[in-house]
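Each in structure tokens, the structures are laid out below.
Paired with chain B in one complex and with chain C in the other, chain A is shared by the two complexes that follow.
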Partner chain A sequence: MKKAIVLGALALALTSTTAYADTSDKRIALSNNYAGNSWRQAMLTSWETVTGPAVEQGIVAAADAFTTAENQATEQAAQIQNMILQGYDAIVVNAASPTALNGAIKEACDAGITVVSFDGIVTEPCAWRIAVDFQGMGRKEVEFLAEKLPEGGRLLEIRGLAGVSVDDEIHAGIEAAMAENSQFEIVGSVNGDWAQDVAQRAVAGILPSLPEDIVGVVTQGGDGYGAAQAFLAAGRPLPIIIMGNREDELTFWKQQKDESGYETYSVSIAPGVSTLAFWVAQQILDGVEVPKDLVVPLVEVTQDNLEEMLEQTAAGSVTNVEYSLEDAQAVIADAS
Partner chain B sequence: MRGFLSADRIRMLVPAASLTVLLIAVFWLQPRAMSYTGLNLLFNLAVPIALATIAQMLIMMVNDLDLSIGTFVSFVACVTATFLQTDPVIGVLILAGCIGVYAGMGVIIHLRNLPSIVVTLGMSFVWGGLAVLILPSPGGTAPDWVRWLMTSRPPLVPMAIVASVLIAVVGHLIVMRSSFGVVLRGVGGNERSVARAGWSIVRARAAAYALAGLFAVLAGICLVGLTTSADANIATRYTLLAIAGVILGGGEFTGGRVSPIGAVIGALTLTLAGSFLSFLRISPDWQIGAQGAILILVLALRLLLNRREQAEQAK
Partner chain C sequence: MNALRMVFSKPWIWAFIAAGGVFFVTVMFTGGASTIGLGQAALTFASFSVIVGLGQMFVITLGPGNVDLSIPATMTLAATLALKVMESQNGMIFVGLLVALGVGLGVGIANYALIKALRIPPIIATLSSSFIIQSTAIWSNRGLRIRPPQWMADLTTQSLFGVPNVALIALGITLVIFVLLEKSLYGRWVSAIGQNMRAARMAGVPVDGVRFATYVLCAVLASLAGFLLASFSGGAALNMGTEYLLTSIAVVVIGGTAVAGGFANVPGIWGASLFLFLVVSMLNTYGASAGVRMLLTGVIIIGVIIAASRRRVA
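And now, the complex of A and B:
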């Protein structure tokens, strides 16, 4: 299966290299609603690193990034309307709201502009959507544990911020996978709010009421390091805590791996997904038939590539991957 | 000559002049904006802001301040995208009820002598909570007639401009030309003398709040017409935008000194300032600062004029 995808991507790459020139006069804009955390900062930096050379090589004429000052949907709608006036050929958007930008996005589509939404996707049917498969993330966590611990055991679940759809989705994925792996049982669940300090407090609070033989902790990212600290502080053996590609989590994992051969698994999505959206937009402008719904590839850190991935992770940030044209073509081929 | 260029005149001219200067700058940066579609794209999102600004102006006119406009408009947007679309009768009843609540707010603030900032800040959480209850996740659909209205293409002049002029004229007629408006401004200027003249201050304040509620309801409906759907936080920035719009347009926090035409111009100026900075390609890190700088610039001009005015009066 994987081979087929790679071959397919290769074939696509070969056939479309000649079509590069077709987008050399096209201008792409990034409409971003927020730049106030390390993930978004990394997202913007990746955009610069990848689109800079693309513009220099003449693949596209321009790739300008715009961020709204206040993270408000109405402000971003105005920003998109300005981009229509500025005559961009494609708009890549990380949306403040899945619905509140629809009017502006419709205006852009009506003006003949290609709109590609990613991460924060929009529901307007004329736009493309590059969505994160959060359910898949939850499923992968349980699948890893099932592989590592065939005899099963008791698990602790750390959830995210209550009432946010991402938390529901990841949890649904974990639940679905649990149904297929009856050897596991979730004996406790806390909200870690995707923050190490919150997770540490929450886990420390529930630990005394839990049996000694917790074998694994399923998480949502940003909470693994805090959970580990809580286990260590309680003097308990460290279970397999799934990590979420945060720098502190990976550093801790590396430390434990070097000391005691600790094994776990880490998964999240890369801020560089903005560059994937860039290439998808370029491909659409190039005339490639692209399905409206695409899925962001998950970035997985395993025992083998831990050191390598840690190098791609800036201090206080998340493991980043910058996507190439070939990656985008593989994602497109995957979906069609 | 001196009579023509009196400080009061200039004070009203400053907002119009700043809008003109900005507009020329935008046209120079982006000639494409100088067209029917261009003007509409520049200004259509200013229409709900203009309505919210008039609402805020009506409250400021009676010396109060409404910190709940943004969440209230968001709530109205949620009602518009849900009830007003599926059960128009219930939708209209809810919105009418909201205007009633606004009038009630005015009565309570007056009778209990409460600071309006505290009451409206409290109400902002109520509206925010109700909005989340109605629309827990972003969605809903704009009623067809609202969508039709906001995407209509009148001949020659784009919808955004027609609507702005209409809002300004209606606001002007109510506030500056009707006896009702004179009483309301009088409440802000000198409450006691209005009461002594035999007017009921409670009723005046309730009317001002109800009218503000009506304009805020219109703002929410127009906003949904533009966005096609709503979410519970869609308009939270309107609170501060509306206050800034009133002040930019020559209004004052106290004394019943307001100008509906100025308020609409203020709202348009604020919207245009964002586009201007975006066309200038100022880095996002500097945009908040630059927006602030434009505000400070215009307000500094205002302060200078105020000084001159005082000097004139002292003579």
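And now, the complex of A and C:
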């Protein structure tokens, strides 16, 4: 009899945590390592736009965003430790390093805090990871070129910031796809640091030494417009430059499309991925079974949806998507 | 023979020899076909380094411990505010330029106020002020890129008789700075303070006034460089100045200006700026990977500095 009561109570407790948990008293914090470019600014703005109403509607009690000043892992680890002390129920983190924060993340998990990492993910197993398929991005670029230019030709590669894992990942994707498409040859490679002015300078420096018949430029995002400017300044024909969803890149593409039927392809992830991470954290707090590894959907701009995507993109910003609870549930369902 | 020896005793000659050598090796890759293209690109991109480098040169010449680390943030803020004010309209260019220069003036005054009134060492003062400046830039426009007015974009991207306009602007500024350093009382004062601040003070040099003017000059040049760079590259970005922190110091050192202060060198800034652009282009052209490129850049820079400083001793 006694046993039955205990079992019954246990069953009740289980069902209440899995299905009926209420997150209205839960507090979620965003730990962000860097805010010094437009992508990160859009990411923070999206966080505010989505979490503000969520807090007002009482879905969660708080969703505070914190950014470290120096983009240092040690600083972010201290920030996470503060969040543990402040008693947050979940921490959503865009990490400065995939490994250096693991100690602090483990402490948070041990304190019973849900940790969801996104974009800059962490390797600590207790945390959830919303990762970007950067290799897939690189592969898609080459596959697009292979489709547009079946006879192949010479390519220029613009890489990101040397020594950052994202740069290696995208490059690995491009290399893998190049191996399958031997009609293409990369004749030059420069580092554009994901910045238009750096890319412009690097491309302008190597361009005079490159053959005239460059047919395509594979990029990593935030460097396409700078590359295009360098080609125009050198008086060269414009190759197919893959873009990275920045407004100036898409505007340039639109102009060229209207003038001369220019065709290219643009791919990146939406800065609003922070809101996806927010909803995933909310779902975990709600007791939903969420797999530890999730994948961020890529945002692609093609010849057909260019005008539509450009309209959605704020002047000077990046094509953005803000995710809803339903989107998060769909991503979770895909991964389960 | 004597003239030759005189030329080689100049500390700036090594930066030009290095730049020339790297240029030659790079154009050899295409058998000389890339000479004009590479030359124009080098002049264009060296111009921005020259403008910030000249300001940093004056600050470093003030003596040990003097350096302006707020240059990147100043460039970003000046460019961000100027482009926001101009709203891509040609009629507002003059106002935009004034806003940019005003930012430089304000930053320079604030920097020296921190150094003098609060007695903070320049390295810490300018570093901490750069956080405030950068945050203001982020806050003012949240990193949105506004297009420069068409006239400014044309001015900065076009050339006159094959010479890029920005290079002509940088050359004009260089000439003014050269006269200021070599012929004016102010230039002599800066060198005197750098050689021995106490002696300069005893000799009646208005040390505070000169140091104040130097920090303001450096910030104003940085803001001008930011304004031109943003016009050239199609808009201001929050990280547009990052590269120029190390560059501004490197061009001063490679150009033959004494790191310990007291001896400035204007022509060397050009040699060093051209060299820094060309060395990256050369290594890119020959397909060196990012790691090798950084390693070789470091080794070559050390080599040039050693060559330049040995000559000076001899």
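Criterion: the second predicted complex is superposed on the first by the 308 of 336 C-alpha atoms of A that agree within 3 Å, B and C clash if a C-alpha of one lies under 4 Å from a C-alpha of the other, contacts with A are read in each partner's own complex, and residues count from 1 in each chain.
Operating definition for what follows: contacts are C-beta pairs under 8 Å (C-beta built on N, C-alpha and C of every residue); 3 or more make two chains touch, one makes a residue touch a chain.
All values reported here derive from a predicted model rather than from experimental measurement.
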Judging by the criteria at the top, classify the pair chain B and chain C on chain A as clash or fit.
fit
Regarding the shared-chain residue A:Ile206, is it in contact with chain B (first), chain C (second), both, or neither?
second
Please indicate which partner A:Ala176 is in contact with in the superposed arrangement: first for chain B, second for chain C, both, or neither.
neither
Which superposed partner A:Ile84 touches (first chain B, second chain C, both, neither)
first
Could you say whether A:Ala35 touches chain B, chain C, both of them, or neither, answering first, second, both or neither?
both
Between chain B (first) and chain C (second), which, if any, makes contact with A:Ala69: first, second, both or neither?
both
Contacts of A:Ala335 with chain B and chain C, given as first, second, both or neither
neither
What is the minimum C-alpha distance, in Å, between chain B and chain C after the two complexes are superposed on chain A?
7
Common ground on chain A, meaning residues reached by chain C in one complex and by chain B in the other
35, 69
In the complex formed with chain B, which residues of chain A make contact?
32, 35, 64-70, 72-75, 77-79, 81-82, 84-87, 97-104, 106-107, 123-124, 165
Could you please specify the touching residues of chain B with respect to chain A in the complex?
30, 32-33, 38, 41-42, 44-45, 48, 137-140, 223, 225-231, 233-238, 271, 274-275, 278-279, 281, 284-285, 287-288, 291
Touching residues (chain side chain C, partner chain A) in the complex
26-27, 29-30, 33-38, 41-42, 44-45, 131, 134, 138, 141-147, 157, 229, 232-235, 237-240, 243, 277-278, 280-281, 284-285, 287, 289-291, 294
State the interface residues of chain A toward chain C in the complex, per the touch definition above.
35-38, 40-42, 45, 69, 159, 162-163, 188-191, 195-198, 200-202, 204-209, 225-226, 229, 233-234, 246-248, 314-317
